[in-house]
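Pasting the structures here.
Heads up, the next two complexes both have subunit A, just with different partners, subunit B and then subunit C.
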Partner chain A sequence: MVSIRHVYIEGTRSTPEVDFDPELHVLSIRGQSYPENAFAFYEPLLKWLDEYLADLNAESTVEIELQLPYINTTSTKCFLMMLEKLDEAFKQGKQVGVRWLYDEDNESELECAEEFKEDLLLPFRILPKTAE
Partner chain B sequence: MIDKQLLNVQKLLQDHGILICFSGRLSQQLIEEYGEAVKSYLESENRPKNEIFHIFSIFIEMTQNIKNYCTRISGSALGDQIAQSSIVTIGKDGQGSYICAGNLIEEEDLRELTGRIDALVRLNKDELKAFYKDQLKKNDPQNGAGVGLIDMARKATSPLAYSVTKLGNNLSFFTLKAVV
Partner chain C sequence: MNNLQADTRNRSLYDGSVWKVVILASALIVLSASLIGFMSYRITEREVVKKLKESDLSVMARSVAGQVEGRIQRAEETSLLLADDPAVTEWVQGRETDGKLGALVKRKLSDLSGSYDYTNSFVVSALTFHYWAEIGQIIDTVSESDPDDQWFFQTLASGRKTSVIVDYNANRKDTFVFVNVRIGSGDRPLGIAGIGLSLKKLSDDFAGYRFVDGSHLWMVGRDGTIHLSDDFSQTGSNVSEWLMPKALEAWNGGKASEEFVFEGTDRQGRKVDMISYPVGETDMRLLVQIPRSETTGFLASIRNNTTILVVISLILSVYFFTNVSRRMADPYKRALQLNERLERMVEDRTLELADKNRLMTESISYAGRIQQSVLASEEAFKTRFPESFVFWKPRDGVGGDFYWIRETGDETWIAVGDCSGHGVPGALMTMLSVSLLGRIADQGEAGSPSEAMGMLNRLLKETLRQTERDAEGTDDGLDLGLLFLQGDRIRYAGAGIWMAYREDAGLRTVKGDKPRIGYRRTPADVAFTDHEIRLSPGAVVYLATDGIPDQNGGPRNLSLGKTSLTHWLEAYGPLPLAEQRDRFERELADFMGEQPQRDDMTLLAFRLPGKF
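Here is the complex of A and B:
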């Protein structure tokens, strides 16, 4: 079996830090996201996720950690696609869950997380950053 | 002579409460520089985080929409003139903080754009949310201008307002204002 590689992308002003660890089963994305072309940034990550989820066995527990102070609308579209893939895996019996950390002083960040959660079935915890 | 005119320029900016103004061709890098600068400035004024977030976010959507339009139209005869015509301001007036941006636009694009905004202005916040979710699901991520407008309308405290100045030669100057 070909093992899936660890993905690490350093954050910039307009793109988040990405750390997808297929051994620990922790996929984290932290930071602002408003690149010129969000699809170009997220497409390889979506492909990675497809392969990772296809290989994932039912025993492993995957945690998706999101901390997104600001995401523009095209990035939001990409996150929606990503979360739909995860939700699909959850419906197939895989143990995937989201942990979203937000800044308590910014209610918009909380609203953004809640709006994603509304349409999904997978476990989705929304926690203030201070609780970390 | 610009030196003789600076006082007039400053008066105009002050009369409209303009904090920051950029005029000319927009690039992703400029959008980031200006966006982050405005954010730090507003943070130093101790404005509520939510308000700063809304101003920043509308600024990004508005400028990226203009930039995407300029990129899309860059092959046309008027592409260069249109790209140079971008102007964006952030300020504060009697209604609150605002982001107001303008650019030249071709006639057929203008009709589509104003049609979209007219449709948004009639919706309340719940309807905007439903429409946003619906469009986000349908939307092709590579052409997301419509969702950006809905997002601005949701974050603004009063309906989006636009103006059109016909300039002939198939061109108009279009402005969009969002109040937070």
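Here is the complex of A and C:
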């Protein structure tokens, strides 16, 4: 676990804030995502996730917290890849779950979350932010 | 930036404020140093002159007078010894007949003048009126009728034991002081014995007393004759020749018997300080004159030192202030220079970029014309559907959204698509998609929109080589809504496109399938769903890409959402489409506010013939 470092990326106008904490097992992504080149942004995160999941033992409970008011098409693809990796880990018996906090006034966000959820087996809770 | 601005900026870099500070500070230092110098000069000068007048001149005069007085005193004592010598008394009483005593007296006389530096020594008898001189002979017989001999009779008559007579001899240019002492006591003196003293001998001493350049030392008789002077040539002249009127007036006006100090100018017009000092019992006065410039001469060194100090502190302060200010101002100056250079660079880059941007804009704008000519024109729609509109708004001049119409047999194919990417890559994808759709329509093998979409999915994958496992191919694809219209029957299949139709009953949306066309995730054999709808005459069909519901704006800057889009269009009701388009554009602009367009946007609407 020592080799896995804490990842924190400050949010910008077009990229979300990223906070992957391997100690607490909380990976959160918050904010809009519409960079011109989404792969450049998400590729290192996907790589990190591969290493993290490979090292992850079955006892640890991992929570993925998402708040994504808007993600463009290419970002969507990156999130699909990320969620599939998590789903794979879940299928291998690791305790991985997603919690998506959406803005109740943002219908697109809810739709987006629901679309993601459809293809996945891992626990995927979609909660309005006010419920927090 | 033009030259004027550059000049102004340069000036501001090297403005005079630093120098102003330096000059001001230097001026202050020079002023204060000069002031201190001047004050100390004035105070010292005043004190020195005061001291000169109150003590120095007096001390000088007293010491010189003391020399003269001492000399006369000595002569007096010697004269007394001579006059009171029993040998002399006896010899004179005996009318100078005693040869033995005479020899003794004569030797004494010659000894006095020879050994003691006196010019004369004499014994004059009141009995014989013989004048015995130092040579041991009678050189005169005094007579009451001879004016030259008056001194003898006057001295005898005065009743005083001792008298001093000062006699200036013009021929010898010498002043003689004669000390006369009566021989014998009581009312009947036997004669007079005494000593003559040449003051010329003192003259050398006087020259030695000359204290400073331009100073004078005179011993002046009652009539103003200078008996002694530090300058021998002045001896015998009158003091009035040497004093200027004002000084002379003070000299004459003052009390001869008391010392007093006065000021005047010498013949060169220089200021002088003088003292009049009485000399013993002689009726003579000493006049000491000292030029003021000599008294205060040493003050010149104060003045010079002050000047040197001022110059040194001036140089130091200029050096210090320029150095300090330069050190303080330098980083600022460097920052300004750096800023200037950066601005120039930015300027150059901006020009370069503007140039490139212009080229690119021109290129894109031309690409846009190509794209629009490949995409179905709005006119083509208008021909088929007189009441229709196409709101097509790529984000970057060209884009990934497209709309398309094709007549195949008795069917009309209508499509709205949203290819991955924006701008030029998106536009390339639209070219490909439209071209493939055209091929599918021409082949006539697709019996339904879902079949046509399946074929497009496969063709696209092949074209983009997405079926090859290890291919370098990209992961591109598109959202598509495809609609076959035949009379009042529509068949629709969609993926990622918002579709709605309005009839009398209101607006209804049709949900499409989830898999998008062409993307790697979508299997090559994916099946899409057809929706068959019979529309009443005058029904309106809307197709929109997700660029519209995904656009952010409004008070909370959230995405518009499909529900809002639906509400907008619902609210338009049966309004003519031209008017609906206007309202939609206005509402969209209001919603977006200052927010930039996120994605390419397309909204297509057409009305079937007839009225509902």
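We take it that the second predicted complex is superposed on the first by the 130 of 132 C-alpha atoms of A that agree within 3 Å, B and C clash if a C-alpha of one lies under 4 Å from a C-alpha of the other, contacts with A are read in each partner's own complex, and residues count from 1 in each chain.
The criterion applied here is as follows: contacts are C-beta pairs under 8 Å (C-beta built on N, C-alpha and C of every residue); 3 or more make two chains touch, one makes a residue touch a chain.
Computed from a prediction, not measured in an experiment: that's the story for all the values here.
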Overlaying the two complexes on subunit A, which is it for subunit B and subunit C: clash or fit?
-> clash
Should A:Asn106 be classified as contacting the first partner (subunit B), the second (subunit C), both, or neither?
-> both
Go through the superposed model and pick first if A:Cys78 touches only subunit B, second if only subunit C, both, or neither.
-> first
Per-residue contact with subunit A, leading partner among subunit C and subunit B = B
Using the superposition on chain A described above, determine whether A:Tyr70 touches subunit B (first), subunit C (second), both, or neither.
-> both
With the two structures laid over each other on chain A, which partner does A:Pro22 touch: subunit B (first), subunit C (second), both, or neither?
-> neither
Scan A:Glu115 for contacts with subunit B and subunit C and give back first, second, both or neither.
-> both
Of the two partner chains, subunit B (first) and subunit C (second), which one does A:Gly31 touch, if any: first, second, both, or neither?
-> neither
For subunit C, which of the listed stretches 110-118, 164-172, 200-208 or 596-604 runs into subunit B?
-> 596-604
After superposition on chain A, the subunit A residues reached by both subunit B and subunit C are 34, 70, 72-74, 77, 80, 103, 105-109, 115
Enumerate the contact residues on subunit A facing subunit B in the complex.
-> 13-14, 34-39, 42, 70, 72-74, 76-78, 80-81, 103, 105-109, 115, 119
Residue ranges of subunit A touching subunit C (in the complex, touch as defined) = 34, 69-70, 72-74, 77, 80, 103, 105-109, 111, 115, 118
Subunit B contacts subunit A in the complex at 28, 32, 35-36, 49-50, 53-54, 56-57, 60-61, 64, 67, 129, 133, 136-137, 139, 141-142, 144, 147-148, 151, 155
Mind pulling up the subunit C residues that touch subunit A in the complex?
-> 420-421, 475, 514, 519, 521, 549-550, 552, 556, 558-564, 598-599
